[in-house]
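Chain nomenclature is as follows: A, B and C, assigned in order of appearance, with residue numbering initiated at 1 for each chain independently.
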C-alpha cells in the first residue's frame, strides 16, 4: 500500500483527460431534461415586459440597476456563507467524535445525523416555530433560568434562520465529511502526535487538509441548499428578510413577471455556481500548498 | 396502488429518456380533471362533490391539488396542452388568468342551477362556487376586547401581537386596501398605509407567508391576524382559541370561482361538475364542519357556525374591483418588499 | 502515552462542547415533532396536552387517509426510480472527470451541479413549458425525469469527493496485473467509493421526497405527491398527521438500519 502510494506519486497523474464516454449518459439526460428548459429560461429573460411581447434587456437592467435587488443577491449569498460556517463549526467536532467512537456509538450517531432529513420540511418548520417563538422552548428556558427578563426575538431573524438552516443542512455537510474522515489514514494522525504535535496542530496540519475534499463536497451542498431553501427562508425567516428564492416565487406565481423571475433565477444560479467554483479552487489551492 | 401501473413500472425503470417522452394521457373517457386547493377544499370536493357527480352524471373526476397562483402558472406554462379542465380561483389570480386569456366562455344556460345563484355571480367566464368573508381573527383568551376596525391593528396593544402578510394573496391584498381606506387612502393612493406598515413592521409579532400563519398563531407567536371566516371556523372547530370579528367598516367579501380552462378536453363534463358544485344539496353539505364554506345558492339555509346569517348579507359587504387592483399589484408587492426589509 | 497539556485539554473540551451542541441542534426539532405526533389535541400544538396514538391510527386508516397513502407511494416510487437511475448516471459521470484538472472537466462539473442551484420552481415551470411545446403532458414518468435531474447532483458530488480520496495507484496496479477496467472498477474502486455513493443516494432520495416545486408543475391529477399534500394539511388545518408521517419515517429508518446492521454482521461472521 505504502509502496504503491510512493510509486503513484512518482508517476504521472493518470488519465488527465475527461472520459467523455462515461460522462455521456448523464450529459445527454441533462441535455434533454435540463439544458432545454434552461435555454427557455434564458430566452424568457430577454423579454422586456411581463406580457412577453417585446424583446430587450429591460428585465436585466431593472434587476441590476436597483440597489435593493443587489442587496437581495448579497443577503442570499451571505446566508449561504453563514450556513456553511455554522455547519462547519459543528460538523468537524461531530465528525471527530464519530471517528473516535466505537461501532455501536457510531451507528447511533449516524442515526442522529440522518434524523433531520427524515422530518419533512413542512413539519420541520413547525418545530422551529415551537423552538424559536416568543413563548417557545428557547425563550422559556432562558426566562426560567433567569437569563433574560423579556422574551428574545429569534423567530423571523437572520440568527434564527441560520440556526434552523444549520440543523437542516448539517447532514449535507456531515455525510460527505464522514465518508472522507473514515477513509483517512490513522497512521498519519498518530505520526503527527508521536512527533509531539499538539492536538490543535495535528487537526489543522493533518486532519483538516486530508478531509478537505469531504468538506468541499459538504460545503458545496450546504451552500447550494441554504441559498435555495425557499420554504425555510420564508417561514422561519419571515417576510422581513427577502432572499432570491422568495423573489422568484413572487415574480413567477403572483405577478407573473416571468422575464424578471428568469433574471433572478439565472442570477442565483450563476452567483452560487461562482461561489461553489471558488470553493473548488480553494480546495486545489490548499492541496498544492 | 392503482396509480402505479405496471406500464409505469417498466417504463420508469427502463430507458428514462424514452419513457418520459411517451405522452401518457391522464384522462379516462368520461372523466374530468379539476384543479383544487390543497387541504380542506380538496377534502371537501373529494368527499362531497366527486361522489355526487359520479352519481348524477357518471363522471369520474380527478383532482390536481394546486393553490390558485400555481394553477395559473401551470396553465400559462403548459399553453395549448392544458394540464386540467377546471380552475378554482380567487379574484386576484382569476383576473390575471382572464387577462392572459386562459378561460373558455361560460354558457349559463347549460347550468340547471344558474337561477338559484344571486345575479352577477355567474359571469361570462366564471361560475361562483363559494363566498369568502375576510375580517380580523383574534385570540379571545389574550384579548377580551377585540380590535374594532382595521386602524386598531396598528395601535398598541394589538400591533405587538399582529401577524402581517403582504399582497401575495387575495385576502391579504383586500385587507391592506381596507386598512389604507381606514387611514384616508384608497386603491389609487396607498401612501397612507405604506407609511403605517413601515412603522408597524418594527413592532409586529411576525411578518410572514400566509401559509405560516396558522402555525404561528397556534404557538402563540401572534394573536391577531386578518383572514377569512373559513380558516377561523376550521381552526375553531379543531379546538383552537380563535374568534372572528367584522371590522367597523364592514367585512370584506369576494367570490371563489370555477372556470373552464381554454382548450379543455372535457368541456361538457366541466359544466356538469360546476352545476353539481353550485347545487343546493352540495352547497348545504359544504357549509358543515369541517368544511365551513359559505354557500352562494339562495335555497340553502345557513348554519350558525359561519359568522354570517344569510346569503343576502354578502351583498352588503365590502367588495373590490380586481381589474383596478391587478395593474398596480406588482408595484405594491415590490414596494412592500423594499420597505419592510431590514 | 503523552502528557495532557493545557492546549490538548482545551481541544478536547471545545470539540466535545461543539459536538454536543451539534447533536442538540440536530435532535431538538425532531424530538418536538415526535412529541407532537403523539398528542391528543386536534391540531399541531406543542407541548401536547396528553399523549395518545390517535394520529397514527388516523394516518393508517385506509379510508380517511387514502389520498395520503396514494401520494406517499407515488413519492416513494418517484424518489426510488429517480435515485437509482440518477445514481448510475452520476457515478459514471463522476468517474469521467475525477482527477482531471482541465477547464473542460471543471466546466462539466459545474454544469452537472447546476440543477441543484437553479431554483426548482423556475426549473419546474421552464420544464413544463418545454415539454408542453413538444406536446407532452405532465405524467409520472416526466415527474421521475424532473426529479432525477434535480437530485442527481447529490450523488455526483459525494461520489466525486470519495474518488479524490481513492489511491490511483491501486487502479494502476490492478491494470498492470492485466485486470480489465470493469473488473478493476467492480473489485477495487466501487467498494471504496460505496459509502460516498450511499450517502449521496440517501440525500438524493430524501430530497426527492421533499421536493415541492418540481412535483407541483410536472405532476398531474393522478400523481399527487406527498409534500404537496402535507403543505395543504399544514396550511389549512394544522393536521397532526404530518407529524405522524415523520414519526413513521424515523421508525422505518431505524428498523432498516437495524436490519442492515444484522445482515452485514451476519455476512461478516459468515466470511470470518
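Here is the rule we use: a contact is a pair of C-beta atoms (placed from the backbone, for glycine too) under 8 Å apart; a residue touches a chain by one contact, two chains touch by 3 or more.
Note that the coordinates shown come from a computational prediction; the quantities given were computed from them, not determined experimentally.
Q: If every chain is reduced to the average of its C-alpha atoms, which one ends up farthest from subunit C?
A: B
Q: For the interfaces A-C and A-B, which has the higher count of C-beta pairs in contact?
A: A-C is joined by more C-beta pairs in contact.
Q: Return the distance between the CA-based centres of subunit B and subunit C, expressed in whole Å.
A: Spacing between the chain centres: roughly 34 Å.
Q: Approximately how many whole Å separate the CA-defined centres of subunit A and subunit C?
A: 15
Q: Report, in whole Å, the distance between the mean C-alpha point of subunit A and the mean C-alpha point of subunit B.
A: 35
Q: Residue numbers in subunit A touching 2 or more other chains?
A: 29, 33, 126, 130, 252-253
Q: Mind pulling the subunit B residues that touch 2 or more other chains?
A: 16-17, 20, 70, 73, 211, 215, 219
Q: Touching at least two other chains at once: which residues of subunit C meet that condition?
A: Correct list: 44, 46, 125-126, 129, 145, 148, 231, 234.
Q: Okay, in this complex, where on subunit A does subunit C touch?
A: 1, 4-5, 7-8, 11, 13-23, 25-27, 29-30, 33-34, 36-38, 40-41, 44, 89-94, 96-97, 107, 110-124, 126-128, 130-131, 137, 163-164, 166-167, 170-172, 175-176, 178-180, 182-183, 193, 196, 198-200, 203, 213-214, 216-217, 220-221, 224-225, 227-228, 230-231, 244-245, 248-249, 252-253, 258, 261-262, 265, 268-269, 272-273, 276-277, 280, 284
Q: For a test of understanding, state which residues of subunit B touch subunit A in their complex under the given definition.
A: 16-17, 20, 69-70, 72-73, 76, 96, 100, 164-168, 201, 205-209, 211-212, 215-216, 219-221, 329-330, 333, 336-338, 340-342
Q: What does subunit C use to touch subunit B in their complex?
A: Residues in contact with subunit B: 41-46, 67, 69-70, 73-74, 77, 81, 84-85, 125-126, 128-129, 132, 134-142, 144-145, 148, 216-217, 219-224, 228-229, 231-238.
Q: For the complex, which residues does subunit A have touching subunit B?
A: 28-29, 32-33, 50, 68, 71, 125-126, 129-130, 133-136, 155-156, 234-235, 238-242, 247, 250, 252-257
Q: What does subunit B use to touch subunit C in their complex?
A: Listed in rising order, the residues of subunit B that touch subunit C are 1-4, 8, 11-13, 16-17, 19-26, 33-34, 37-42, 46, 62-66, 70, 73-74, 77-81, 83-84, 210-211, 214-215, 218-219, 231, 234-235, 238-240, 290.
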